[in-house]
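Structures are listed in the sections that come next.
One chain, chain A, appears in both complexes that follow, with chain B as partner in the first and chain C in the second.
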Partner chain A sequence: MAAAGNVGAIAPTAQRHVLWLRAAIIVVVLAVWEAVAASGLLFRDVVPSLAVIGKAIGRLLATPDFYRNLSITAAEIAGALLIGGLAGVVVGIAIGANRFLARAYESFIYYLGPTPKIIFFPIMIMWFGVGPGSKVAMGVLSCFFPIAVSAAGGMREIDKVLIRVGRSFRVTAWQMVSKIYLPAMRAPIVNGIRLGLGVAIIGTLLAETKLSNRGLGYLIIQAYSVFDMPRMYALLTVLFVLSIGVNALIGRLATPGRRGVD
Partner chain B sequence: MASSTVPRTTVVRSSAQPGGREEHALEVENIVKRFETAEGTVTAVDGFSLSVAPGEFLSVIGPSGCGKSTLFNIIGGLMGGYEGRVTVSGETISGTHPAIGMVFQEESTFPWRTVIENVAFPLEIIGMDKRARQMRARHFIAMVGLDGFELRFPSELSGGMRQRVSIARTLASEPRILLMDEPFAALDEQTRLLLGDKVLQIQQDLRQTTLLITHNITEAVQLSDRVLVMTYRPGRLKRVVKIDLPHPRDSEVISSDAFGRYVAEIWHDLRVEASLGMHEDESRARNEKSKR
Partner chain C sequence: MRRAFADTRFGPPAVGVASLLLALALLEALIAAGVINGFIVPRPSQIIAAIPRIIVEEDVLDRFLQTALEALWASLLLTVVGIGLGMLLFRFRLLRLATETWVAALASAPVVLMYPLFLVIFGRSATTIVMIGFAAGLSPVILKTVEGFAGTRKVLLDVGRSFRLTNTQLFHKILLPAALPTIFVGLRLGLIFAMINIVGVEFLINFGGLGQLINELAERYDLPGTYGAIFFVVLVSVVFFFCAERIERWLRPGM
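After this line comes the complex of A and B, so read on.
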């Protein structure tokens, strides 16, 4: 994660303070939560106490059903990222490399990028069904745009002389892409994938909560519909932690240990 | 890439005449290159010709903006749309050619590759297997005096070392003709002199046919067998100066009387051209100011 990188850049004592501040905000949030839960201001079941949620998490993690649905959602997101990522990188390179393509299509990508993809969900349901197919499609729609935009930007930022070096050694078109474009664009591509992953998770889960028959989003909405609040919060918490973990992992790829890559 | 308007090597005409023309490794005939710009047509190079004999070290010197890099890109096959001919051992070429190896004016090492991976790049491109290309790369790394730095990244090297990596990388492709565009421009004077020694020594050892493009008089005289002086834009041939300094030659030669005479002679011609360029730049700046 970006924040983790920032911590590394400052002096050790300051770093300790940052970690303390971080822990403090979490403690404060949890304390406020617990206070609200205890006060009875809201419906007791709407804000269950931490202990109840904790127990629900324990129960959740002990059911095979949870892992089955988790792996379905994970597979949907991975599939979406794979398809959307490949398409995004290819389109990004094409647009970054070709001025005419850029002039023709770049504005589409810029303006379509931030529109909520959920409006396409009914169409996706019709095309790909209620199952994972439509969820993957939503994930693809979500992550394609940020990845294409980053890749196009990265492509344009490649030092032009490196391309001329490649041409002078008479590289083939494929070698140009694999040995010059892609390694030179590593940082923007990884960054695009990170953004893409975020929105792929959102797109996929949103679709699952709308209409589905499996997956984590389905479990969440099921818990909600039977008013099993502790279970719902348990699911949300687990999901939250997993997303942070995956994002942090991808962030690592952008800043590898070897020097000289940036 | 949008810039790939130039085809990869196409041999237009093969005129491998026995004997006769074979004395020229590289021949450039009557090159004319015009650019269309917003302010009209700019003739960057106007009827420039040169020929390099096998094993010769030839320099082209000219003031900034006289069309040197344009010429470099045309010979290297990276720029099309010109009039005239470029021939390698009598064979007319258009587009890039394996006989020509280029070293660029700008920093051009691949930052994500180590020194050895950089130098092995052209060998990787032609599909040489890893062991063989690493061995070849090591050989050329040692030649430019970078042994021990094989596993460093360019960001861990000085500017002079990085430029040596670029030179080693081009040498590793074993081009018949080494074509360099101000390879030392970004370096300080001392590094430039010492690196010049290195390049000259390699050139002599390999009997490498070399065409150096430069705006540095000292460098041109220190290294070359012949120096061609270019006029300011449009770039034409102004004068040919044969450098009769003995070989082996090193940078100590710059203190000799003969060296001083060559420098003075070239500067005499170049001064006029360089000041033309400067006046033009100044008047353009003045025009732009008055427009605003």
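After this line comes the complex of A and C, so read on.
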């Protein structure tokens, strides 16, 4: 996909124009939103005014209940990323390092990866119950595939000289993994985790909206069931900001030259 | 000897399939021996036997057509709106500079989580499912359209200008054919995102085609049927991705 902003060098004047245009687009969008909210064209409260949404965000962020549910969802996602990430890296390294394993099993991962994972939720409920276990399992199932595919790709791109150097020093299998494979695969693994985090968030929260009594997904579906639209907009806004923010933060880790100078 | 086997065309894939069958046989034996609870995991033989039953009794063909129709509407919207917006961003460079980062950010946003909002706006209907599919697949189509047009080799455009082509001719004869393979990559990605979300939302809101089937069978606690339906949906998805990939390779022989 085209890298954002990959349109060549921008002159300072053009940069100013870009900033002005961005500000203008935001103002127009907000004005149209406010006009639709005031017009009564849609059902009442479907498009609440910005002031109402702003107040709802304020109320949401001031409630301890929000942070309790946020921490539950965050813990589920972290658990999913830890289990799915570790499994994905191990499987990715195995498949990337061994041509036979790749030819035997990689097509399973490649084609199962993009299937809709939420349909496995009934099975996860039967296996892990209706509590956080099934939500973590959904997250694991979601994030395993992109991380495994990315780690396998990264493994194949490791400079063969590095692997030969390791073998010439007769390092153990664990040392090969910790001293050569993992450091050389940093960028693809971080990118895989970034992709995995995105789908783990979706998998976990969708599971929470389907069957749960805690977590951000539960709060969203609860707001829907009582038709508290400002609260739903507030939750979705906070969720989008958090998701995009965390994604961008992990993306920075993958970019060379962003680490602090030792 | 091992290396020679690893290099054969059908050897490793056959091992992959054989190990899958072995795992299923092991599962069957463990359930039969009572090691794994048969009320939680049905026997693979029961699941396989349930597939013809759900195909006949649950109107799977109708459900498949319903999901396919939703995917078709979403893909039409993606083609018209996504490619249209992509062309707009390519045509106006300043607009592209200002908004491309936002479009890329949208790609990483969990759009499907907005389904309760779509339910309020469009109701519990096929429109909600189509619109979620459309929203989920929009970013790659826009970004790849821009990339396709922007990646047209300058020498081709210079040749066109030297022939004094009008802007319309330049677009039809040079820009569009040069961008088409990349645009198709975007459409394939967009359609895959749309398809995943369409089946997912069908399951979540218990409406529509194949996704709803799984939900209904799970609520009836028809375990072999649920596992069979999930297997069927996964199979349909895999065939869909496989076909999309083959079509793309056919359109981009040098890929």
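The criterion applied here is as follows: the second predicted complex is superposed on the first by the 227 of 262 C-alpha atoms of A that agree within 3 Å, B and C clash if a C-alpha of one lies under 4 Å from a C-alpha of the other, contacts with A are read in each partner's own complex, and residues count from 1 in each chain.
As a working rule, a contact is a pair of C-beta atoms (placed from the backbone, for glycine too) under 8 Å apart; a residue touches a chain by one contact, two chains touch by 3 or more.
Quick caveat, the model's predicted, so the values are computed rather than measured.
A.B. asks: Return the chain, chain B or chain C, that is in touch with more residues of chain A.
C.D. replies: Looking at chain A, the partner in contact with more of its residues is C.
A.B. asks: Tell me the contact category for A:L205 with respect to chain B and chain C: first, second, both or neither.
C.D. replies: second
A.B. asks: Under the stated touch criterion, which partner chain does A:R22 make contact with: chain B (first), chain C (second), both, or neither?
C.D. replies: second
A.B. asks: Tell me the contact category for A:P122 with respect to chain B and chain C: first, second, both or neither.
C.D. replies: In the superposition, A:P122 touches chain C alone.
A.B. asks: Using the superposition on chain A described above, determine whether A:F240 touches chain B (first), chain C (second), both, or neither.
C.D. replies: Touch status of A:F240: second partner only.
A.B. asks: Taking the superposition on A as described, I'd like to know which of chain B and chain C A:R99 touches: first, second, both or neither.
C.D. replies: After superposing on A, A:R99 lies in contact with both chain B and chain C.
A.B. asks: Give one of first, second, both or neither to describe whether A:I220 is in contact with chain B, with chain C, with both, or with none.
C.D. replies: The second partner, chain C, only.
A.B. asks: Touch test for A:M176: chain B only (first), chain C only (second), both, or neither?
C.D. replies: So A:M176 only meets chain B here.
A.B. asks: Where does A:T13 make contact in the superposed view: on chain B (first), on chain C (second), on both, or on neither?
C.D. replies: neither
A.B. asks: Both chain B and chain C contact which residues of chain A?
C.D. replies: 99
A.B. asks: Show me the residue ranges of chain B that touch chain A in the complex, using the header's touch definition.
C.D. replies: My answer: residues 1-4, 8-9, 76-78, 96, 98, 100-102, 104, 106-108, 110-113, 121-122, 124-125, 153-156, 173.
A.B. asks: Could you list, by residue number, the parts of chain C that touch chain A in their complex?
C.D. replies: Listed in rising order, the residues of chain C that touch chain A are 2, 5-6, 11-13, 15-16, 19-20, 40-41, 93-101, 103-105, 107-110, 112-117, 119-121, 140, 143-144, 146-147, 150, 189, 192, 195-197, 199-200, 203-204, 211, 214-215, 218, 223, 226-227, 230, 233-234, 237-238, 241-242.
A.B. asks: Going by the contact rule at the top, pick out the chain A residues touching chain B in the complex.
C.D. replies: 97-99, 159, 161-165, 167-171, 175-176, 179-180, 183-184, 186, 258-262
A.B. asks: Would you mind writing out the residues of chain A in touch with chain C in their complex?
C.D. replies: 1-7, 10, 14, 17-18, 21-22, 25, 42-43, 46, 99-100, 102-105, 107-108, 111-112, 114-123, 126-127, 198, 201-202, 205-206, 209-210, 217, 220-221, 223-224, 227, 229, 232-233, 236, 239-240, 243-244, 247-248
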